[in-house]
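Let me give you the structure first, and then I'll get to my questions.
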Amino acid sequence: MRPSGRATDALRSVSLEPGAARHAEGSCLIRMGVTEVLCTASVESRVPPFLRGQGQGWVTAEYGMLPRATHTRGDREAARGKQSGRTQEIQRLIGRSLRAVTDLKAMGEMSVTLDCDVLTADGGTRCASITGAWVALHLAFEHCRKQNIMSVNPLRDQVAAISCGIFEGTPVLDLDYAEDSKADADTNFVLTGTGGIVEVQATAEGAPFTEDALTALMRLAQKGTAELFAAQRVAIGG
Amino acid sequence: MRPSGRATDALRSVSLEPGAARHAEGSCLIRMGVTEVLCTASVESRVPPFLRGQGQGWVTAEYGMLPRATHTRGDREAARGKQSGRTQEIQRLIGRSLRAVTDLKAMGEMSVTLDCDVLTADGGTRCASITGAWVALHLAFEHCRKQNIMSVNPLRDQVAAISCGIFEGTPVLDLDYAEDSKADADTNFVLTGTGGIVEVQATAEGAPFTEDALTALMRLAQKGTAELFAAQRVAIGG
Amino acid sequence: MRPSGRATDALRSVSLEPGAARHAEGSCLIRMGVTEVLCTASVESRVPPFLRGQGQGWVTAEYGMLPRATHTRGDREAARGKQSGRTQEIQRLIGRSLRAVTDLKAMGEMSVTLDCDVLTADGGTRCASITGAWVALHLAFEHCRKQNIMSVNPLRDQVAAISCGIFEGTPVLDLDYAEDSKADADTNFVLTGTGGIVEVQATAEGAPFTEDALTALMRLAQKGTAELFAAQRVAIGG
Amino acid sequence: MRPSGRATDALRSVSLEPGAARHAEGSCLIRMGVTEVLCTASVESRVPPFLRGQGQGWVTAEYGMLPRATHTRGDREAARGKQSGRTQEIQRLIGRSLRAVTDLKAMGEMSVTLDCDVLTADGGTRCASITGAWVALHLAFEHCRKQNIMSVNPLRDQVAAISCGIFEGTPVLDLDYAEDSKADADTNFVLTGTGGIVEVQATAEGAPFTEDALTALMRLAQKGTAELFAAQRVAIGG
Amino acid sequence: MRPSGRATDALRSVSLEPGAARHAEGSCLIRMGVTEVLCTASVESRVPPFLRGQGQGWVTAEYGMLPRATHTRGDREAARGKQSGRTQEIQRLIGRSLRAVTDLKAMGEMSVTLDCDVLTADGGTRCASITGAWVALHLAFEHCRKQNIMSVNPLRDQVAAISCGIFEGTPVLDLDYAEDSKADADTNFVLTGTGGIVEVQATAEGAPFTEDALTALMRLAQKGTAELFAAQRVAIGG
Amino acid sequence: MRPSGRATDALRSVSLEPGAARHAEGSCLIRMGVTEVLCTASVESRVPPFLRGQGQGWVTAEYGMLPRATHTRGDREAARGKQSGRTQEIQRLIGRSLRAVTDLKAMGEMSVTLDCDVLTADGGTRCASITGAWVALHLAFEHCRKQNIMSVNPLRDQVAAISCGIFEGTPVLDLDYAEDSKADADTNFVLTGTGGIVEVQATAEGAPFTEDALTALMRLAQKGTAELFAAQRVAIGG
């Protein structure tokens, strides 16, 4: 029995609220159970120096957590004067995941920055960020299309992410914080709407795990992301 | 006529949502028109080094703005590696304002950190932070009282803040962003429920202003904070 | 009785020494009692990026304190690697105050940086900085006029600042350190030679104060700055 | 045909030179083709604050690259004043990988820091760091055992890492820089001597990849690490 | 002919004003021609961590320059967020020089920090700092002796410093800025009152120089410091 | 008797390995006894901003030490977020020393960065860096000449450096760490192949030293560098 009482292959309740941030070109407030992440997409008509003059765009991400998003208050990174290694690792992952389904050439020399800010944390914030950021990015690209800044929406596919783990010997889907802190393996799968793998991050916590376990976790992730893709399509009104 | 169409002495619509942050000992999501600030109060059973062993508590504040809280995206302070002068000035003001109505002795050797994070900005974020933080702090102290960590609630009075300005020659209450960017004087009043002054910050934008103007702005602030005090009392269930 | 033995409306002895810094285009060493601040004005023929091509100038300020300006040695901010929130707040105030009396258009695309470095601190350093910086700025503008870099002196008015406070229930003018550390309200008034208000910063220390008290402090500030304006005129040889 | 001319399942020439750093308790200079990483293990008789008094040890890692380890000179991180996100991500991975095969309880309250410094880079530096660091760690633990600081060597298993990728549609083992920069998928496998998975990091470069491809890459990694485990055993004289 | 018109072996006019900083335990404002450095000595009854419990004291130094001490304004190091390499090099030199003539054991577990802040720069600021800091340190030690914090003055000898250089082929004493910027060799000599060498820093600017030149510069330095030692003795009232 | 058993005027065994870094335009691994420094020269076809458009080149240096180059592990400067004063002092010295024998005009608008990274430290790392960097620089310039980027090799002379000290009253050449930590004077001489002095840094450790001692140390340095010059000529194949 999982602490959450969920079936091994059950997601937490998922909610994707498009347009949650008034000023952004695209935005989405994603809730996975208690976890709550505000994703905004900000469009700028220029690209980073290393891409100038190459006729293509860029998509990047920043990630943050409000100090009291967690059970006990964490340091404010702005006050401490630097982003932790964990923060940087996560924001690099979000950026890579979104770029994997974006036709950068079709963007022209534009960039989009995805800000994923965790309002409440209860496990799975990096995965929720990716899933929500896709909606924000889609809406921002639609905004650009309507403004005739882009002629097509450069997104080629959906992308969503989910964490899985081995809890007391059993592979389970979508770990919440209580489960995550006791799981033997912590894996994050970033998959596309057409079944492709964008990223797999599988880490043993405690004992190493087997290839069979990895395969079982992959199955769960495929089931979970299928439900997330459906929710994304609803959110973008598709 | 104000850009907002409001009467010169009219607040924007005010909403104070207590308990908006699941993990914090006290919290309040305050909305002043479009401006939206999440205020959380985090209790710790220790004080900063300079107060150790003195049998009193401490209240401090940190302030931040999500990068896309604004019309165009601002830098993330955590990524830039430091807090701006403006951020530091605001968080010092919030901390001072709350301490002015707190009986630090009655807290015992406890501290409370108030995190005020702006989710959407449309002018008046520092004032909204103070007004909302008071609710969060009150709820956190009540929490401590129920846990028998404190025997009384150390708040001695209410505190709230409001900005006023001179718009096209006329003193007006509660500037939104469109009004603020064109106002000739920018003032912030931090007042107590019993009519005391905690802080006045009055700055000429462009031409210096007169003492009469300052008095008129004070009148507006007194009217505005009276409404905020009423809203605070409702929010704490009083 | 004040610790300083002064009448409630008496300034400390004031001395403004123009030209105290050999290399600067304008400079003034201001002494207010024991407090001693070296103010220099440095002219550059360019403006910050956000003003380029707009045909106007800029005036900005930086503030610092020698480590042993104080009774006990403070950290050197350069060694610690950042300026404190207090330092940033003060230098922003000095810059705003001087800009309020400067015709930035009349400067052309030039900037002036006012460096206010406290050699000895005994209360009132931010106010002394503003009063002294005005002299330095005036001299620098005169230098530019003599060099035909500017056709008129862009200063439209004088500006000076003074702190007032409530000491044992009585409003008093120009707090020194011993008085400041025991005062119930700490206020700084930045006023112009023609009676305008540029900035009021009034902060309760301990108990909130009343509107009447604020008015009484304003009266003292008006008296005090009148004397400072006279001293400034002597210093610039006017 | 791979640019390197190697068979799809062939490692580069591997060399593990134990004791390469004179002062360290354990060290290993690992060469994988042109890539060259100096791994040192430094033992200290204390643990980080979060582990104090818990009767267990800690293993951590730091990673760096000499500025001219690469084809064109990179910035020196010490001069730039911070470690990049990539550096932090890699050193966190190295630390996790080594801890996964270490019995931290058996260490007592000791820590080991593994420094992995890249002298020459030609792809696969993070994997080479893990493989070399294991040898350095083993030697450091043996040193502690001989000094009677530890009664047993706390390593429970071997750990090694290898990168694989999809090059022009074909899964290949141990990418060098020329291959890596053109590969469609970039994967790193951290495996144990007894067949367990410690970490899988699989990232699509360009198009997403399939689950079959991931399985094929896993097979290559298992073959490659088997050879690395043999080389490690020789290096520790076992 | 030197730009300054001085004889090759002539110092600039030297002035040492003891007690120039009101709050410091010891202080000295040194002027060498136009160059002006305020040196303060701050006593603390503790030592840095690496010396705790060893029954000896410590003397250290910090160096800074007001932004407009120079002909054109330099960046404020506190605002830039770090001390330059030059600053660090100089403050390390000052600290070493003073420690060379201090009996650290005789201090007990006390430390003295010497702050040398350049008010006006015209060449030779590091040498002036050392010469002035010796006076400040002597006065601080006398203060401690009078307070019965120390039983003897721990200074065993005088120390002073002077720069010499080769100007148009001729060795000259005490370079000012105009001379220094054209000199072929830039040397700093730190010598003791009893003829010992504490530090020699000789650097070729442009062409290397000969051993004979170094000897000639040493002669000049011996003559120059003899005069400085006399001035120091007057300053301490000896 | 020296701890090393060497004659007072004997260098440690010297080895200069040209081309030790595969990717650099010039490189040299220098060993002085146990001390081991990898020196690389990186050529770029641009100069720092302050030299642009002046038709001359620039040579600069950076210095670092692997954390476990030393007997006990030191902090990694990249992790601590800044370079120590010692590091900056050394890298400034290396840059100055190499520029002293380079015809910057003959370089054209090119720069060379010398990275000197200490792999093993046993005293004398700054001197070894200079001696080895000269070889790396020579090889980089030869590379530029062969590529027709430069028409002549801009090096006008050799430069090498050696430390000397007074050990138990006797001047000795080329201190290793054990000797250095007990020496009464620590001196570094940077000399040219034609007998010129580029830099002398002589520092008393403990008691001041005499001019005679300095002369004796200079003699030793001249003998030692003569041997280093011969080794450099062999290393560049001359």
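Each chain carries a letter (A, B, C, D, E and F) given by its place in the written order, and its residues are counted from 1.
To be clear about the criterion, a contact is a pair of C-beta atoms (placed from the backbone, for glycine too) under 8 Å apart; a residue touches a chain by one contact, two chains touch by 3 or more.
Note that the structure is predicted; figures quoted are calculated from it, not measured.
Separation of chain A from chain E in touch steps, taking the shortest path, is 3.
Common neighbours of chain C and chain E, by the contact definition above: there are none.
The distance from the centre of chain C to the centre of chain F, with each centre set as the mean of the Cα atoms, comes to 51 Å. The mean-CA centres of chain E and chain F are about 28 angstrom from one another, to the nearest whole unit. One inter-chain figure worth recording: chain C and chain D are separated by 59 Å, centre to centre, where each centre is the mean of the chain's CA atoms. With touch defined as above, residues shared between interfaces to two or more other chains in chain C number as follows: 81-82. Taken as a contact graph, the chains are arranged in a single closed ring, with each chain touching exactly two others. Order of chains round the closed ring, starting at chain D and going on to chain F, comes out as D, F, E, C, B, A.
Interface residues of chain F, counted against chain E in their complex, comprise 82, 85-86, 88-89, 91-92, 96, 100-101, 157, 191-192, 194-204, 206-211, 213-214, 218.
Residue ranges of chain E in contact with chain C, taken from their complex: 21-24, 27, 34, 38, 40, 42, 44, 62, 64, 66-73, 76-79, 81-83, 87, 113, 115, 117, 119-120.
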